[in-house]
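To start, the structure itself, in structure tokens.
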Amino acid sequence: MDIPADIPGLYNYWIVVVLMMVGFYVVISRTNLVKKIVGLNIFQTSVFILYISMGKVKGGTAPILVDHPVTYSNPLPHVLILTAIVVGVATTALGAALIVRIKEAYGTVEEDEIQAMEPDE
Amino acid sequence: MRKHLVLRVVSKLLMPFILLFALYVQFHGDFGPGGGFQAGVIFGSTFILYALVYGVETARRVARDWVLRLFMITGVLIYIGVGYVALFLGGPFLDYNTLSAHDPVHGQHLGILLVELGVGITVAATMVTIFFAFASRGRG
Amino acid sequence: MIAHNLPALQVVLPLIAAPLCLLLRGSNWPWAFATLVSWAAFAISVALLSQVLDSGTISYAMGGWAPPWGIEYRVDTVNAFVLLIVSAIGAVVLPYARVSVGHEIPAERHPAFFTALLLSLTGLLGVTITGDAFNLFVFLEISSLSSYVLIALGRDRRALTASLQYLIMGTIGATFIVIGIGLLYMVTGTLNMADLAARIPAAVDSRTLLAAFAFLTVGTTLKLALFPLHSWLPNAYAYAPSVVTGFLAATATKVSVYILLRFFFSVLGTEYTFERLTLEQLLIPLAAVAVLVCSTVAIYQNDVKRMLAYSSVAQIGYIILGIGFVSTTGLTAAIVHLFNHAVMKGGLFLALGCVMLRVGSVRLDAFAGLGRRMPLTMFAFVLGGLSLIGVPLTVGFISKWYLVQAALEQGAWILAIVILVGSLLAVIYIWRVVEVAYLRPPPADAAPVSEAPLSMLIPTWILIGASIYFGIDTSLTVGIARRAAETLLGVTP
Amino acid sequence: MAFGILHLRNLFAVVMLSGIYSLLSAGLFVTLDAVDVAFTEAAVGGGIATMLMLAMLSLVGDAERTREGDFRVVPLLLVLATGALLLYGTLDMPDYGDANAPINKHVVPRYLEESGKEIGVPNVVTSVLASYRGYDTMGELSVIFTAGVGVLLLIGRFRRPGGGK
């Protein structure tokens, strides 16, 4: 397969990649801890879209069995992502709880200000 | 708390329907989209709505901490328990086929029903617990 | 019936124990219950290992669905050995926990604390035993989430930031692993590891596979804190409660190394990872730098816990070095070092926990005169330190012996020198502690300090004793490690 | 979908937007036939996660020091490298929606063809979730439980033993 022929078929994935990288950039470049967590969320959600996109079958329908035969989309990625969403929200909840504690302990949620308060050993 | 009368009345009206919808999602997951997890979230959000409208402390009197924790534990135990039951009935862990002596498909139905119930209970209780933890932080 | 279901029980026993533990009241009951469960888990892992050694790989189909449709548990020599390491450390650390946790964690949180510890144990065991790539991720998250919580419970407020940093890095790592698994799934259409291994050769030219490989590598190296992705580790270990540090330092990174081994050797195959992509050319320099830089940084630490944490990063360097040689000797060294490092680092951190209990600090100054005031604890520390350096008759020596051999086999004498220099650096940082403890008099106004209680000393000494015993009688550990190495290199499961 | 990206590019710092983003992706999941996932994402990503974030912000304060103009080179390079790698990886991916892709040929057909007989539940997602891969779901439940225990340990209220109510 030469590359030009791929372009329309892969367009969807490329958008997902861009989304993913936006989230990733937020995580590693921001100093505000809240934003880092939001970034993580975006990053993870984009991965979900990647998974779901690969399960899509052209002309398929949702994988709920009906009597007359039709094409179904791939259910396995859906299952995996259901699990991953739950894991994601669990991580968010913990991260949020930690941030609340950090705010109480330091009075700020900016990473660089916290570092300024704790001279490294 | 005399403010927001409309909000309180409307949410009071809505709540039974949300709960009903949660139950529908819980037990209709076999046929349409939905299942224990989604139902748990919806069920949990009813309590959160209640807490938002009537105040967290009022809500905490309705759903006591220890009750929530108990439900959180119960749900997980139901799921893992089903696994163990299958084990004691001679199958591999979580093999629902063993749950029914005569018809494996029946066993599968039963297994899925129980397991989804466990998921629903734990998810709902955990959501409310987490929300309460956040909401009552900083208020004593 | 029980013998049949051992692979499942290995994980679901601690798993069902965790919620039950939360039901218990007080602090002694949860502790006693968790301890019993950890012993049972240890017994199961011993039984599993002997089963595997006798009759080969065990496959267990969860829910009765044959792989690749259902989730498979697959035990071979490699993960049976890792299971043994994890559950053994759990079984030793939990008895220790009663006094130490009683001292460092508020009493009303004890049931939840032990629940989290059990969940962490479950997660680590689950990651190790599973034969399904996505299931690996799920259990990885159980262990990670619970370890974030456990670390954040340290008394120092820096424990919170350390934990959040770990959470962010860990989640990025896990997400990378998920991307990698997703791409693997895309290429092959399966999630079962054995099935993956069978289907990957058909797709070796795929650029998607290459991307999957890269994401898995970065994700796992983040989790196992390979230099330069180690920044989360020293803080996390330094500020966590003593028990947690002891447990995680000895197990968590080991399990990540196992994930790496599993993906590189079993799933992707030696041929793909090392012959086509020559990953060792990336791993070996990183590992060598890790050994040198982190050992040097360790010398400049004033907090002994942090010092040992940096030393851990350096030790991970040794393990990766062994993997990078891609030879039976190198892999044997790496796998045996998994065990050896778990034993000695666990022992050292537990000894530090004793100091923390009695003195209330593990800064270097706090060690003044401890050699005489806590003789048993400090002697354990010294022995563990000797092992870390790699003095003969300790486990540290065994690992380094095989590592140097593997290096020389390939004519890589520079790496052999790196290993020796690493040991010299270890001499320096261990000596700093020993010097303060034995040669500096205690400050005049120091409060009287007594020896740590037996419930903490005995577990510490079990680990330190093991690090001496297996340094002398190596047939068991090295024998298993060699078999594991052959499994990985030879016929992949 | 491109709309979503544009919004995100301009305003992604705001928590509410992450909620909107979740809802948008839920809509996307529906068009991709993943109704179960869409349902969950809407409830969890759009609902619970956003609410958690808001609850957190009310405790932490939403006055965030804006230094967002700062442009950081190293993270950007890292991100670009990662993105490039992913894009490179996509080149050999099967076309979007291709029914002959390996993932649609191996393992999954059995779920679609047999689950009606073996499990008797029309929603294949449910049967895979709860039965074929039921063990994963148990793990997932444990993750939620872990998070619940964790949040309690970190910011929950505990009764002191013997301290009355």
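Chains here go by letter, A, B, C and D, matching the order in which they are written, and residues are numbered from 1 within each.
In this text, a residue touches a chain if its C-beta (ideal position, glycine included) is under 8 Å from a C-beta of that chain, and two chains touch if they have at least 3 such contacts.
Quick caveat, the model's predicted, so the values are computed rather than measured.
A.B. asks: When contacts are scored as defined above, which chain pair ends up with more C-beta pairs, A-B or C-D?
C.D. replies: C-D
A.B. asks: With centres defined as the mean C-alpha position, give me the subunit A-subunit B separation in Å.
C.D. replies: Between these chains, centre-to-centre, one finds 25 Å.
A.B. asks: Using the average of all C-alpha atoms in each chain as its centre, how far is it in Å between subunit A and subunit C?
C.D. replies: Roughly 28 Å separates the two chain centres.
A.B. asks: What is the distance, in whole Å, between the centres of subunit B and subunit C, each centre taken as the mean of its C-alpha atoms?
C.D. replies: The mean C-alpha positions of subunit B and subunit C differ by 36 Å.
A.B. asks: So which bits of subunit B are touching at least two other chains?
C.D. replies: In subunit B, 31-33, 37, 69, 72, 76, 80, 83, 93-94, 96, 130, 133-134, 137-138 touch at least two other chains.
A.B. asks: At which residue positions does subunit D touch at least two other chains?
C.D. replies: 35-36, 40, 44, 48, 52, 55-56, 59, 86, 90-94, 101, 103-104, 107-108, 111, 122-123, 125, 129, 131, 133-140, 142-147, 150-152, 154-155
A.B. asks: Which residue numbers or ranges of subunit C touch two or more of the other chains?
C.D. replies: In subunit C, 15, 18-19, 22, 62-63, 134, 138, 141, 145, 148-149, 152, 179, 185-186, 191 touch at least two other chains.
A.B. asks: By the document's touch definition, which label belongs to this structure's chain graph: line, ring, star, complete, or other?
C.D. replies: complete
A.B. asks: What does subunit D use to touch subunit A in their complex?
C.D. replies: 1-2, 4-5, 8-9, 12-13, 15, 18, 21-22, 25, 28-29, 32-37, 40-41, 44-45, 48-49, 52-53, 55-57, 59-61, 64-65, 67-68, 72, 75-76, 78-80, 82-83, 86-87, 90-99, 101, 103-104, 107-108, 111-112, 115-116, 122-125, 128-129, 133, 136-137, 139-140, 143-144, 146-147, 150-151, 154-155
A.B. asks: What residues of subunit D sit close enough to touch subunit C in their complex?
C.D. replies: Where subunit D meets subunit C, its residues are 85-86, 88-94, 101-108, 110-111, 131-136, 138-140, 142-143, 145-147, 149-150, 152-154, 158-161.
A.B. asks: Which residues of subunit C touch subunit D once you look at their complex with the stated criterion?
C.D. replies: Subunit C reaches subunit D through residues 15, 18-19, 22, 25-26, 62-63, 65, 68-71, 106-109, 112-113, 115-116, 119, 122, 126, 132, 134-135, 138-139, 141-142, 145-146, 148-149, 152-153, 179, 183, 185-191, 195, 199, 205-212, 214-215.
A.B. asks: Quick one: in the complex, what on subunit A touches subunit B?
C.D. replies: Counting only subunit A, the residues touching subunit B are 62, 64, 82, 86, 93, 96-97, 100, 104.
A.B. asks: Where on subunit A is subunit C touching in the complex?
C.D. replies: By the definition above, subunit A touches subunit C via 24, 27-28, 33, 36-37, 40, 43-44, 47, 50-51, 54, 76-77, 80, 83-84, 87, 90-91, 94-95, 98-99, 101-102, 105-106, 114, 118, 121.
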